[in-house]
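Heads up, the next two complexes both have chain A, just with different partners, chain B and then chain C.
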Partner chain A sequence: MAKKHIKFYGGVHPSEGKVSNSESIVNAPLQELYTVPLQQHIGAPTKPVVQKGDKVLRGQLLAEAGGFVSAPIHSPTSGTVKDLTTCLSANGSKTPAMIIESDGEDKTADPLPPFENWEETDPAALKARVGEAGIVGMGGAMFPTIVKFSPPQGVVIDTLILNGVECEPCLTADHRLMLETPEVIIKGARIIGRILGVKRIVIAIEMNKPDAIDTLTQAAKGTDVTVMPLIVRYPQGAEKQLVYAVTGRTVPSGGLPAAVGCVVSNVATTAAICEAVCLGKPLYERVTTVTGTPLVKPGNFRFRFGTLFRTALELCGGVSENPAKIISGGPMMGMAVYSLEIPIVKGTSGITLMSRDEVVQYTPSACLRCGRCNDVCPMTMMPGILSAQIEHQRFELAEKWHVLDCIECGSCAYVCPARRPLVQHIRRAKAVVSAARKAAAAAAAKK
Partner chain B sequence: MTEQTIKMPDTSQLVVSSSPHYHDRDTVQKIMFKVIGALTPAALASVYYFGWRAFMVIALCMVSCAAFEALFTRMMGRELAINDGSALLTGMLLGMNLPVTVPIWMCLVGSLAAIGLGKMVYGGLGGNPFNPALVGRVALLIGCPAAMTTWVKPVGCGFAKWVDATTGATPLALIAHCDATTTATRKAVESVASAGYPSVLDLFVGNCGGSLGETCAIALIIGGIFLICVNIIRWQVPVCYIGTVAIFTGIAYAFEPCAHFNPILHILSGGLMLGAFFMATDMVTTPLNRKGSVVFAVGCGILTCVIRLWGSYPEGVSFSILIMNALTPLIDKFTAGRPFGK
Partner chain C sequence: MTDIVMLTVVGVLMALAIGLVAKFFGAKTDPLVEQLGELMPGANCGGCGFAGCADYANAMAAGKAKPGSCPSMSDETLKKVCELLGVQAEKGDPKVAVVCCSGDDHHATRVALYNGVNDCLNAMMVAGGAKGCTYGCLGLGSCARACPFGAIEILPTHVAKIHPNLCKGCGKCESVCPRHVIKLVPRSAAAINVYCNSPEKAPVKKKVCSGGCIGCRKCVKAAAEGQMIINGFLAAVNYDNPPPESVVEVCPAKCLRKAE
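Right after this comes the complex of A and B.
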């Protein structure tokens, strides 16, 4: 029997609002134009390998990785490179992008030979495939997966944790993927298991998805993959909290799960890895939840990267009332956007709309010192004290009070009865402190 | 559905803000009114035992605290914030810490001290290091000790006119007197008992002399449990506070049963229940995290016992909480946890 999980400290339980969990995944229809950003990962920018006017096929390389911590970009469909330009990304910045004009034929290039017999393939070749297919963390972080799979010399990874937690309210993309393609996920898990040489593979799913737990348990029969149901608690999908919940190991401050012998991979990423290895399919599409009360018909869609938010909302039949917020991601950690001309990228797990009633703009009042932010902080920090320090520009003090350990889950700001922007202050301080550290390091290097 | 009929969002109306976009529904105002609600059973009990004047004292303190807060916020050029309920709560707690015989002018002075000295001089809600209601009570206790320790025995037949009640000492005053005469013999305790020593049941339901809100233990416990259930107070605080008092007085009783009250009477008498559930749990003036709260509560318990057993005052709850309030920043500093993984 599977081992019992451990409850991580803190956390909150926002209303789940997962209204689209019974909507099957629909393949979004082919678009005429795709706005494909050339940076869909954290790390070095990519280098374009096609030029304006070039004919491309679906899955063809558009831009190659610009370094080890980087991920190549592939064409979402067949057609012509209409333009090399910039586009708006969800965080509000401009990013270089390629406009692909579809020829409507959707001819596939299939440039990557599938590994039919992956069970006997050299793990290094499988790992290289994860890199060439442009796989990044699809839970939202968009960290190149190949880097995650390359632990430092001497570090032994013994546990692979598949993140099917989906603790973010409203989002159901991973849930649907687990229900509809369990065998792909299990196979992907075993491929990653081979790459890393792990002893234990655990799929972690919160108990609010009993159907997914059943489906995957069934699909995992006869394999070395186990399913572990977890209590429902935000932010359990955060790596450090998940590693703790599943294994009881504490990832050291500033460290990665690899430091305690674990690798965490999102279920969507895992499925993409399976497809990259077994079908030779590079990452050019993903399942995204489009949801929210203002939408006529929320749903889960398989979008090619470069599809605009506008198209996604049109597929849901538009809105019944004017939304007050459109969020790239979910309501707890997603980014509010101000335009519909933003493309869906590798990390877009959802698009959440919020109505006027749901979006209340609060005036913060004085801290009551109720301590609720302390009680919910999964990193056992003191957000109330930190935000007071930051408001007084005491960044050096905030650094001493471990501001950089914050995972920005927003639980503190969620519970604050005085409506204080706690995590927002902390984010600002993190930026200031990291910049100061970088500057200090640069100055030290000059000497 | 055709293109024309699809309504698309008007992006000029969009709000852009930093996550989280969801928010818990609890607010400062809701918290304050929940605490007021939790105090209501004890307040009603005080009206039951001490008559309508009890109601008047509590209501007067609430109104005057709100009025003083309004006055001071205006003087400070701030936005009026009395609808957050914190001044009403301070007034209610202050009223419940006064004897029923307290003159009206003292209610006003107490409110002025509580709101002025206890809260607004520090910048208002959130800035005060000491519990405002206790500042008000202690100011009156030091200024007018006679009026603050004139207790009446409730008549116990419900909503009686207060003037009919006879004057009597609180149980703690009785035992303090017993200690002072140093006739530490069982006989003395027995004589105290015969002089109007209340039974455990009387203490539990509040049929004894004392401040308005501190007598009815059962009503305070009900209110306290409600606050624990709605996550406004931490169960650790009353449990550790009362537990410390029980252990401390229990040890004292075990060594000298003749000289001391038994622990059950200690727990049920005086302001301990009110203090443990409603004062030592005040958010603003107590430590931020759970570990700190436990340290705070144990400290309160020890100080209360020290004052009760060896101090010159019969009651130590107010002073012990105020002293621990002063130590709160220090407790916060030393109980600040290391971040996960450090």
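Right after this comes the complex of A and C.
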């Protein structure tokens, strides 16, 4: 800890509420039915390669990638494809899904040959494995990792940052993963290091997880991986803030961390990459935190994708009181859902329940011009006046004021004494502006 | 006394200066544009395809646009505009907006309590809104706020209602509706409409709304050939060849209705 800690601009420190951080990861029991959505990433939709009635094995390919920015889907267990239908996703839209009926045997297919000697394997082959294993950013964004590992020509990546920050309140999945499988994460980090050819590999962990810092420092001994403790501040887990906190470099507006020579990878993604390379295991399960005061026993579970939220709640012993809100993700950035028939997907880092006392209804009042939102905005935007413009539908102005830079962390709405829905307005403007940009690009392509 | 004289002299000189400056340096406006501008309705609804009334007047004066594209101009005014420009009017078929949804609180089920920003797009982004149907009207009034003519009312039962006598068919509501449930249809053929927007199968629709089209095809059979179209499980009026109003009687779901 000799180095001075850099603090990124803004941010807040919400109550951590990480009640499940001492609960070991439990493998969720085998389910009878899995509802596997066929799109568990950002990008092109996948193409199903199995038919209704086909027999599948665990890890077998169900749907192949539909393009470069896409990720294939693998079967969570062995059984039969019962139906090709649609299911509800956490954002409220219906997505195509495959219902897998388990045969109870859980026979593995493992069609990918493991690279036992990965230290001498061609980095391109390792990168291709990341793609075929269907690995996406498991911090929540679900961006196909292979795209992240393919920087544009001429860009040199010199630093790999492993994101073990987990700044989102209540969630402990990454924390437990770091405690229980440190060597997998370190190995994964070195594999990514080989793929990218980087000099420096840093595991960034906030100082509220001292046990994880110790465990990983022990595990990293003798390797070129270093552990960097960071001060506790939300949203430090956001890529741009993390790059700044670790390297002091500022990612330009509209740019990716690759623009300043960095790649950020979540620790869960890193562990998945290690398993894909060393064991040939495609991505069909993940660690998810199920937490919240209404739950009888919050915990961390390893769920196969396609397990329903209902099952997750049952594994925690059910609820002791009716929750007022069920959130896919954490309380700051998660999405409220209204159904328990939503499957856990590659980006579901947590399920948070909130009791009636915790969900407070606010009536927004007029802006006080206090400027607190400006103080906490980690992207140095001005959420107060920006959202006022958006309320009056001035989307062109919002675009000029870089509304698309917003990372939707919600710090502004968190501190607003007038309880104004600042981040909600900005999210709307982002949707309108990106739709307008897409339409303009389509019109230009037509010409 | 001198003060008054001085001030008067200064005043006169200033007036002269202003007059001269206005005469020699004034921005030259086309008198035609000015005259046209006075005739324009001034709603700036954008229904003509230009960025407001002044833009359209400029385009007409420059010969780049023809009169008749303005949805809110009366026939009388249009005549005057044509006289000014010396051209024949090409008035398109006037349009009217229709909210293709029956999902008010009596028919649609609510699956969630939404207490966020009072805007349809915002509601869409939180788990797809509070109503069970993901195709219907959210009833939060983004269209009503966008309408320059005040033609849209949000009923107390949380569904948008368009008053056809006020609607000019500019299409602003159509462009802001995130669910695309508002459709612009030819006014002359809009006597009856299908008030449903969901392409889902009938059992799926029935679970979330009792007012939706069940795809029974009764209207298709009752109307003459080609008057009603069915796309999957959703019937639609063929506005090029509209069916007689009596067809509404056969609809068991009561979602094919006369325009209110």
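Following the convention adopted for this analysis, the second predicted complex is superposed on the first by the 442 of 447 C-alpha atoms of A that agree within 3 Å, B and C clash if a C-alpha of one lies under 4 Å from a C-alpha of the other, contacts with A are read in each partner's own complex, and residues count from 1 in each chain.
We adopt the following convention: a contact is a pair of C-beta atoms (placed from the backbone, for glycine too) under 8 Å apart; a residue touches a chain by one contact, two chains touch by 3 or more.
On a predicted model such as this, the values are computed, not experimentally measured, just so you know.
When the two complexes are overlaid on their common chain A, residue A:Lys94 makes contact with chain C while staying clear of chain B.
In the superposition on chain A, A:Gln361 contacts both chain B and chain C.
The partner of chain A that touches more of its residues, comparing chain B with chain C, is B. Look at A:Val156: by the touch rule set out above, it reaches neither chain B nor chain C. In the superposed pair of complexes, A:Gly255 makes contact with chain B only, with no contact to chain C. Once the two complexes are overlaid on the shared chain, A:Arg427 sits against chain B and chain C alike. By the touch criterion stated above, A:Ala336 is placed in contact with chain B and with chain C alike.
Contacts of chain A with chain B, set against its contacts with chain C after fitting on chain A, overlap at residues 92, 335-339, 361, 421, 424, 427. Residues of chain A that touch chain C in their complex: 90-94, 335-339, 361, 393, 421, 424-425, 427-428, 431-432. Of all the residues in chain B, the ones that touch chain A in their complex are 1, 6-11, 13-24, 26-28, 30-31, 81, 84, 123-127, 231-232, 283-290, 293, 332, 336-342. Those residues of chain A whose C-beta lies close enough to touch chain B in the complex are 9, 12, 14-15, 92, 169, 240, 244, 250-255, 294, 310, 313-314, 317-320, 322-327, 329, 331-340, 352-354, 359-362, 365-372, 374-375, 378-382, 384-385, 401-402, 405, 408, 410-411, 413-419, 421, 423-424, 427.
The touching residues of chain C, when paired with chain A in their complex, are 111-112, 115-117, 119, 121-122, 124-130, 134, 146.
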